[in-house]
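Both complexes below contain chain A, partnered by chain B and then by chain C.
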Partner chain A sequence: MLLRYITRRTLIGFVQLFCLVIAVFFLIRLLPADPVSRLVGLNSSPEAYEQAARQLGLHRSLFDQLGIYLGLNPEIAQGLLQGSLGTSWATGSSVGSEITTFLPVTLQLITLAFILAFVISIPVGMLGALNPGKAADKGIFVYSLFAGSQPEFWWGLLFVYVFYFQLGWAPAPLGQLSPMTFPPEPVTGFMLIDTLIAGEPAKFFEALHHLMMPVITLAFILSGPIIKMVRQNMVRALQSDFVLYANLIGLPGKRVARYALRAAMGPSMTLIGILYGFMLSGAVLVESVFSLGGIGQYAIRSVLAFDYPAIQGVVLVITAISLIVYLALDLIHAAIDPRIAY
Partner chain B sequence: MKSIMSITTSALCALSIAGAASAQEILILAEDVPAGLNYDGPTAAIPSSQQGMVTLLEPLVGYADGEVSDGVTLPDFNTFEGRLAESWEFDEASLTWTFKLREGVTGCGGATFNADDVIYTFQRAKSVSGAAPIGWFLSNVASIHGFGPEVFGDDASAKELGDSIVKIDDYTVQIKQGEPNALLLPVLTIFGLLIFDKETMEANATDSDPWSHDYVNNTNAPGFGAYCLESWAKNEQITYSSFEGYYRGAPDATRVSVRRVPQSSNRLVVLRSGQADLVTGLTPREFNSIAEVDGVTVAGITGNENLFIHMNFDVAPFDNVNLRKAISHAIPYDQIIATGYFGQATKWEGHVPSTYPGFTASAGFSYDPEIAKTLLAEAGYPDGAGLEVFADAFALSYVAEKESTLGPIVNVIQTALRDVGIPATLNPIPQTQYGDRQLVKRDLPFAVNDQEKPIGVDAGYAVQLFFVSPEKGGLNNMVNYRNDELDTMWSGARVEPDNATRDATLAKIQDMLAADVVWLPVVEYRTQWAFSDKITGLKWYPDNSIRYSDLQIDE
Partner chain C sequence: MAAATQELMPEQATYIPPAHRADWLMRIGVSIVTLVIFLAIFGPYIGPYDPTRTTIRIAVPPPGFTEMPRLFWAWIDGTLDHPPHWMGTDANGYDIFSRVIAAPRTDLKIALLANILSLIAGIFFGLVAGYWRNWSTELLIRVSDVLQSFPVFIMAMVLVALAGRSATNIIIALAFVYTPIYLRLTRAEVLSQTSRGFVEAARAMGNSELSIAMRHVLPNSLTPALIQSSVTIGFAILLTAGLSFVGAGVRPPTPEWGLMISTGANQIVLGEWWPSVFPGLAISLTVFGFAVLGNALERRYERG
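Right, the complex of A and B next:
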């Protein structure tokens, strides 16, 4: 039953991705600029312009371009059907290899940030819910409102100033490793994993140290809405009939709280899933502040350069990951909530 | 608990310090690292990519050192020096340049430089096989024989060098021009004609890419420069190690790491902490804020960076010369210098960078709102009455990505124009859209522009680049200015062999540009760098890229 559900969702995901590919292909061509101009620069003679347009394949009809992108004309260029996302117009590199470089940076950053935010938010949210109206609850309410309403780049810059420049606790915001450290040979693209694979624990700790501030910054921001969600759902769960019954029959408080938490986790997980999908590109400001070349920065650069293949590639990959995350969440939801069956 | 905190803090500090560059290694923080190293490739117009090219490749000729200003050595634009070419002769009768090449020059890959590398480089340029054929463009600008638009056609023979560039022997090359043109030596100094190491390039060619564009776009630019590429992660970091066999002497900085740090405030903070040695691309406010900081030097020169107001002759009411003049008197130049550049700029008095040979100070526009109002009335718009129908035209465009620098300036301009009755509004647009409308569509009505730097150091080149009609050989006449008299004068100056006569004609042309307010020159701003006190020897080049081999590092 579960396998059939996963298969059905995967097939629907492919249909969604295909529709998205077509929509994005045409929508980005409505952007108000001609990408050829960026190439020709001052040398914008008609001959040079035509040469550049030919290089980008823009001399072909729109449907021919779509066919090539989809991989229907592999004799001209490899396309999606051949597993190629094309070549970046801004750098001349393969879009697939660029995404493979940038995406793990963001996944590593936001996954660690979510784990940290989750670890902080669950006990804090529970504490607020178990002590409604008391000082702790009020303090937690103020914190969650405060954390969730602040721009992350501002906190990032402030943390850099205080913890790097003033206190010297954090490393310079110069990326995943010190500029003078040779990175390990990329295997997975995830710096923490690659340093371990390479058997270089010193670089592992250095990478962890460099991730400290961006992860804390992001976790600080993310913890606001998650705490609020956990607290509210816990309060609702604590007022539900099954909890009242559990209290009446004299079950220990800890066990009752565990039951309530399980009921509260469903909606909270949904929020975390939505936030995770959003953060794939939404972490761009934190990436920028800490000079982490992540997928968000790649997306922004691609849009500003009107780099159509890169934009298409980023949208496709982020959507695919979001669909996978949503599917995983549904499965986790089912595991948490016995009422859900497939 | 206290001791645990102390240990943790010490460990963290140790880790932080581990990142600092050692004495002969320098760390540079920049807005970006090269996105490509191919001057005929898609990233040729990006300054960070040009920086990578000039670090790895060498030109045939360069400029001699000139005066030193604010600790920065300026080039002497009137004196050329050999680089990979040792000497040269010019035969006026046959318009042929004979270059004697330097012997004993080797590259990082072990190849020895000779005439084949020069022939390869020009043959590659003429193949126009890259996305943006800059090598061909510069050769065309210098009137090298056979480098006309016909190379873009289907005739394969048009892409052959023929007798335009000939190898005489292993260390002698002849370049023939199609007509007299003073720009040959200047264009040979530019990044778009730097010499490749043929041996390594061909070793990395493929059947589908015989000119190794993919290799140079993504892997390395093999040449005979002072540095070898050590590692390169696009969008992140590039590291060069010095080439001990560099023909001009091994550089002082043995290893140069350039790190991409998008936030200018972070570049500044890290420099102040002592962990970085040099930073580029700060805003004028940030440069100003660290000018007095101990251990940090801020140096700058007036080179070729400027800001002007662009008014399109094809868009009403900018076809009205009195309106253009009115605007020229409505701009508070001194206020822009003070608030936009913190004093690190001077009023621009011409249409050509004032440091270039042939510059004439012809554009003496002054800030006088009363004169502006009088001229506005003479233009047919007393107190701005009637201009409201041109609301779209008065949307002052500027590059949105430069908001932190241009934002204060465009606000000053908007306020000043409104004060005299001109209904200006602000229109920030992305760089690519700005470039498209400026360079290709040429339909930007009204804009602020701070990014035009003629890299060919010559007033005639600047005039051809910006002010000659496209049908008469103009290259980027973004304001659609057409003046038959100017076109004729420029055609004469272009092939004029006598420098004094040529300069006199170019001076008259600059006077005409000022009379018609073709551009409204506002300021020339200083190109600035901030660096550690241990660095000296900085030199300025017209492409505004640093040559790391110039830098001296104090122990």
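Right, the complex of A and C next:
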């Protein structure tokens, strides 16, 4: 049963990704941008322009280009079917390998931010749900509305001003390590893991120190919707029949709250998944404030350079990860809440 | 517990305030939104300086709180050689106060127009997809699903950067990104409305399907999309500012909050906080205002 569900979801996911690839491919090319002149400069000779267009494969028809991108003509160039995301027009290296260096930075950042946001939000949301209508509940409600509607890049800058410039607690917002530190051998791409593998605890703590401000900034923004959701689901769980029953048979309040929390976490998983998928690209502004060099910054660079294969690759990878996260969280949902079966 | 109490003591058990009474939070939301609309109309004219022209005074910090009254009276008396820079000037010499209050013209215009466009498109397609259910409208929903699975910020950035950095293109890009949301909301509401008695009654009286859809189902299905739009306007302002921040938004010297924050971002590590802090404060309050308003409308709608 479970296996069939996973297979079905995966198949739907592939169809969705295929449609997405086609849609993005044509969407980019329908827009009135000229990537060739961006590459060779506006004052280049017609011959140089022609040659550059030929090198990028733009002299072929749109459908031929799509075929090559999908990997239907492997004799001309490797495509998606061969597991290649193409070659970046701006740097000339493979998009796939570029994304594998940038993606872990973002994943590390948002995963830590989610964990922190969750650790804060669950007790706060429960506090609100257990005291409905009281002052604490109202305060929590206003906070969650506020945090969820804030310009995160501005808060990032504000934190830089206060904690770096004024107090000196945080390092300069110049990347994952300070510019003078030699980065460890990239094994997994995750800085925190790589420093440990290299056996350099000093660098591990340095990386953690550099991650502190961006993670706090993102966790602050994320805590808004997460608190709201925990509170809402908790209120709903507290009103359900099994909680009424648990209260009637005289179970201690703390234990009932624990049962209710478990039931409330299930539906929360779906929203967490959506938020996580959203954050993969939503972290771009925070990444750029702290110059972390994540997938978002790679996207900015590619977009501003009109680097079509890179743009397509980023969109494809981000969407694919979101779909995987949705599936994984739906499965976790089923595991947490025994009432659900697929 | 609450469900049980309600069953035992129906009606008068809990006091529900009448729907027309606004709570204080909603008042805050309405005040902020009103102020922003006022500034969008008059902002560019009431600032002491031209928001798109530099002054010769570069990176002047804002006056301290204690100094403000004295400066104000000196300004009224005409003993100052130039109007005070209430929020200082930035690295190019722009008066920040004039630009902060002129920016709603740009930000709100983009957010509002993008919202109206996506509302119209979303409601239209939502009505069609919800009322006439066949393979073509099914396809429409699938297409909208694919659009909704796009990473929003990157898509908006791609559309604006490749189509050209103008306010019009930002409006179109945002409308494109937000249409699927309204489509879903409207379609869901249409689906629930069409199963109700009044639709059958209208049909029994001999109305055509088109007239039932337009005159009976549509007016009853607008509310969720309209409520959502208050929240979406706020998020559209955030997105517009974010686009400017990464260099894919409106061009300088257009007064726009995100662009102003971005201009000041390089100086903030050097301690010049004012070029970024004031426009950011404006965004922070504005988006909060729209979120509060949207939330209040939502609660009011749920209460009926």
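We adopt the following convention: the second predicted complex is superposed on the first by the 340 of 342 C-alpha atoms of A that agree within 3 Å, B and C clash if a C-alpha of one lies under 4 Å from a C-alpha of the other, contacts with A are read in each partner's own complex, and residues count from 1 in each chain.
In the analysis below, a contact is a pair of C-beta atoms (placed from the backbone, for glycine too) under 8 Å apart; a residue touches a chain by one contact, two chains touch by 3 or more.
From a predicted model like this one, the values you see are computed outputs, not experimental measurements.
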Joint occupancy of chain A by chain B and chain C, clash or fit: clash
Which of chain B and chain C A:Ala172 touches, first, second, both or neither: both
Which superposed partner A:Leu20 touches (first chain B, second chain C, both, neither): second
Which superposed partner A:Ser288 touches (first chain B, second chain C, both, neither): both
Partner chain in contact with A:Tyr161 - chain B first, chain C second, else both or neither: both
Partner chain(s) touched by A:Thr270 [first = chain B, second = chain C, both, neither]: neither
Touching partner for A:Thr111 - first (chain B), second (chain C), both, neither: neither
First, second, both or neither for A:Val142, with chain B first and chain C second: second
First, second, both or neither for A:Thr100, with chain B first and chain C second: neither
First, second, both or neither for A:Arg38, with chain B first and chain C second: first
Stretch of chain B penetrating chain C in the combined three-chain arrangement, among 115-123, 349-357 or 403-411: 403-411
Residues of chain A at both interfaces, chain B in one complex, chain C in the other: 31-33, 157, 160-161, 164-165, 172-173, 288-289, 304, 306
For the chain B and chain A complex, residues of the former touching the latter: 9, 12-13, 15-16, 18-22, 25, 27, 29, 35-36, 38, 41-45, 128, 130-134, 137, 149, 152, 213-214, 217-218, 231, 233-237, 257, 259-263, 265-266, 269-270, 272-273, 275-276, 401, 430-433, 435-437, 439-441, 465, 475-476
Residues of chain A defined as touching chain B within the complex: 31-45, 47-52, 55-56, 88-93, 98, 101-102, 157, 160-161, 164-165, 168-175, 178-183, 205-206, 209, 288-289, 291, 293, 297-298, 301, 304-306
Of all residues in chain A, those that touch chain C in their complex: 16, 19-20, 23-24, 27-28, 31-33, 132, 142, 145-146, 148-151, 153-155, 157-158, 160-161, 164-165, 172-173, 238-239, 243-244, 247, 277-278, 280-282, 284-285, 288-289, 296, 299-300, 303-304, 306, 311, 314-315, 318-319, 322-323
Residue numbers on chain C that touch chain A, as the complex places them: 1-4, 25, 142-143, 145-147, 149-155, 157-159, 161-164, 234-235, 238, 241-242, 245-248, 258, 261, 264-265, 268-271, 273, 276-277, 280, 283-284, 287-288, 290-292, 295
